[in-house]
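Here come two complexes built around chain A, the first alongside chain B, the second alongside chain C.
Right, the complex of A and B next:
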């Protein structure tokens, strides 16, 4: 039982980092960004390549983030400068990244089990005895998630962050402030995909390997997490949206874990993810309809 | 001085729906003028504002500000010296942000949008003072999201925000049209006050003939992409609502309405 709960937190927290990125694109910018399916494994590929080459696991963090930022910038430029529709820009980038990821990692599977990672190194092993390894992982992840959340919150309260929020809410205001709304969009996509790649890199360090197919469905999980989180805490003003997204990620992972433990096959995971996401969309649509009816009455 | 020179603007060029809105249109507005623009629907009023602001491209002609050609300058660059308030109160503010955040973001215009704090605490008293001037009680609601304000309150904020930092031109695009008569009066008086205080050059499109006559230093009536009335100085002072209403009717009969 405990291993299941720890497993939920492990994966939930890693996906929470990616979901903070999806929160920027989907909620703040109102941009359904599918490139996340490619940038999440991109972060993993960069991390695997670096660690396999003997780099410090901590160095892999900024490198994964930067790789994601670059890929997000490409999505943004395709959408803003080449005027390709938002969904298509994301699809093009995520498809292209599949090959890029193979190039970066070298092969479709890279194992870094034998190398040090942030979860498995002499320091961590000295502090935490062998028996509570999973707990140590969750604690480390928790710290990383909190740092990401605080940094994002701080950023959203800077002048640049204000502009990003304005771009999603009313882009005419950005123009009125003598700023190019396209540039602001590109910046948002860059940061969002930075988070997605960072999450992929952390996942790679946690599971000890990179798999070229690990990104499939990432964007769906991210959207589900964001929608669950922001819906549940819609009327709770003291819970920040970023916190809501993190809690949403853990709740969603718990739902998937419950479904699998009810006897479904791990191979059904993607189907469960898809059906749960559909359920969330339908429920949140029904709620909206009810609000509308109430407002009319 | 703002100058429109030989402006040509076609809609749907090359199709059977091709329509010529402006052909060789000229206008020059002196510094400090407050121009009211009236005219029937489709007469080109809003298109003209869009051309000045750079929201729509022109087919030929030149737009000059102080003899500097801005025809090719993109819309957001022109916003450095042009402030604009739209008919829709939602367009001038950011609904998901609080009143304070909206004031702060408007105050940052012209500065770098960097990693400094979005809201400078030292400026809050100044924002309160500005909001107090609106007389709508917004100074006590700094943490309220702008999306939950009424149309009139939002429009007052939009007006305040667009004129907060130094600009030369204020473009008002039927900015009282979506408001109830009393709120519209309030916003109109506020507009007049701001234009006079800041010595702005203003262009106001309105369907309210009374506002057009009462406010401003110059009145233009447009019809089919031409100025059919253009009065300033004493002539504008002596003008009555009935006079332009008469002209309005003439035009309408001509069009067969």
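Right, the complex of A and C next:
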């Protein structure tokens, strides 16, 4: 039973990093970014290629992030400069990334079991004695997630971060400040996809292999995490949105684990996710409607 | 205003609670099995293993002791289903019978990597005695999930365990994991095609670029083709939507086509067969199911047999006769010939007696 809970936290924390990215695009920029399906495995491909070539697992972190930033920039440029609709620019980029990922990794499936990773190396094995070794992965992930969250929180409070937030909710303000809202959007997409790629890279190190199909459905998981998290903690003022997204991610993975453990056919999971998704959206829409009515009355 | 706010939140929470309740309600049945396996856990399994060792060779009846295993299959797919069936048959041949002394939990990841890893984690969590992983990504994920535990993993339908880093170059397992490989008997297949079609020059192969198994098969075909006077024409696709066009192009350029165990291409076999039939081009299969469906012939695998062989390995581990970490992975012993006389007649080809005489099975109909 303990392993299941550990598993939920492991998976949930990794997807939380990706969800922080989806939070930027979907919640802050109001941009449904589908390129995540391609950038998540891109990070894994970069990580697998580097580690297979003998690079230090820590080096794979910034490299995966940078790869994601580049891909996100492409989505942004396609949308802002080439005036392609938001959904389409994401689809185009994630489609193209499939081939890029194959090229980067070399083949469709790369194993790095035999190499050191951030979860399995002489230092980690020395720090964590045999008894609590199973906790090591969760502890390491927890630290990474907290670092990501704090960095994102700090960034959102900088001048550039304020502009990013303004671009989503009130883009006239950005223009009034004599800033180009397109550039702000590109920047947001770049950071968001950087997080997605970073998450993919960490997943690759945790599971010990890259598979070209591992990105399928990432964006749906990301959206579900963001929506579950932000809805539940909507009116709890002391919980920051970024924290809410991380908790939402763990809740989502817990639901999946419960479903699998109660013998549900994993094939039906997507339908359940869809229903859960719709349910939360409908309920929150009902709330908005009533707000409006109240405002009128 | 405040009151309304509260009510809405209450509504949201109720909805969430109902959902969770629904999930747990449907789980109540399975939870009981979980608690059973929790108590059964390793102690019972170990005791059972010791018991069988001391009681010696009582092989005719079922082995005493209760075993719990989790089977994780990567995708829904005829060959993989056969593997699973064969696996359970193999276990029962060794006296470990589902429903009697074996409790089996089966889950299919439907080709979703994140679900695959959660399936394996749930097996580890419920403390199964052994995990059976079917297909490469499932085996890799099972290995990752069991790394810090003593749960053995037995895999099957992994084409290249060495490339997947589940075994080293000598075939020794990298951990508490072993199984069987479904590596194609490429040389035998080429020999057979040459025997049936003495004149053929260009042999076409279609494969999915995302399937690493296929890549290694194609590479092996290319390496051996010239020994038998063939030139390989390859056609890589990325999704099943590409298959009709790719098939048209490929069939214009080749004398015959051979299938490999590529999941996407095999799933669209009927499309390729009907296009090939229109051009009177023979298509060779890579395993029994494909010959049933209308491939001319195959020197190939019987996945049920492969599964059985895997089941025997798993039985050894469960009974405590061997450790998974000490057993090298196995290849299926020998390839067998499968032919389809109906397809041969349609193509106007006669299958040589040298092959049909030693055939494992011949078919005279095409399964729809």
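Note that in this section the second predicted complex is superposed on the first by the 260 of 297 C-alpha atoms of A that agree within 3 Å, B and C clash if a C-alpha of one lies under 4 Å from a C-alpha of the other, contacts with A are read in each partner's own complex, and residues count from 1 in each chain.
We take it that a residue touches a chain if its C-beta (ideal position, glycine included) is under 8 Å from a C-beta of that chain, and two chains touch if they have at least 3 such contacts.
Keep in mind that what you see is a predicted model, and the values were worked out from it rather than measured.
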Which superposed partner A:109 touches (first chain B, second chain C, both, neither): second
First (chain B), second (chain C), both or neither touched by A:81: neither
Touched partner set for A:161, first chain B, second chain C, both or neither: first
Partner contacting more residues of chain A (chain B vs chain C): C
Touched partner set for A:7, first chain B, second chain C, both or neither: second
Which superposed partner A:172 touches (first chain B, second chain C, both, neither): first
Chain B versus chain C as contact partner of A:213, first or second or both or neither: second
Overlap of the chain B and chain C footprints on chain A, listed as residue numbers: none
Touch list for chain C against partner chain A, complex: 1, 4-5, 8-9, 11-12, 15-16, 19-20, 23-24, 26-31, 34, 38, 76, 105, 107-115, 117-119, 121-122, 124-126, 136-137, 140-141, 143-145, 147-149, 163-166, 174, 209-212, 215, 238
Touching residues (chain side chain B, partner chain A) in the complex: 74-77, 79-80, 83-84, 86, 90-97, 101, 104-106, 108-119, 162
Interface residues, chain A side, partner chain C - complex: 1-7, 10-11, 15, 98-99, 102, 107-109, 111-114, 120, 133-134, 206-209, 211-214, 216-217, 221, 231-232, 234-235, 253, 255-267, 269, 276, 279-280, 283-284, 286-287, 290, 294
Touching residues on chain A, where the partner in the complex is chain B: 155, 157-163, 165-166, 168-170, 172-181
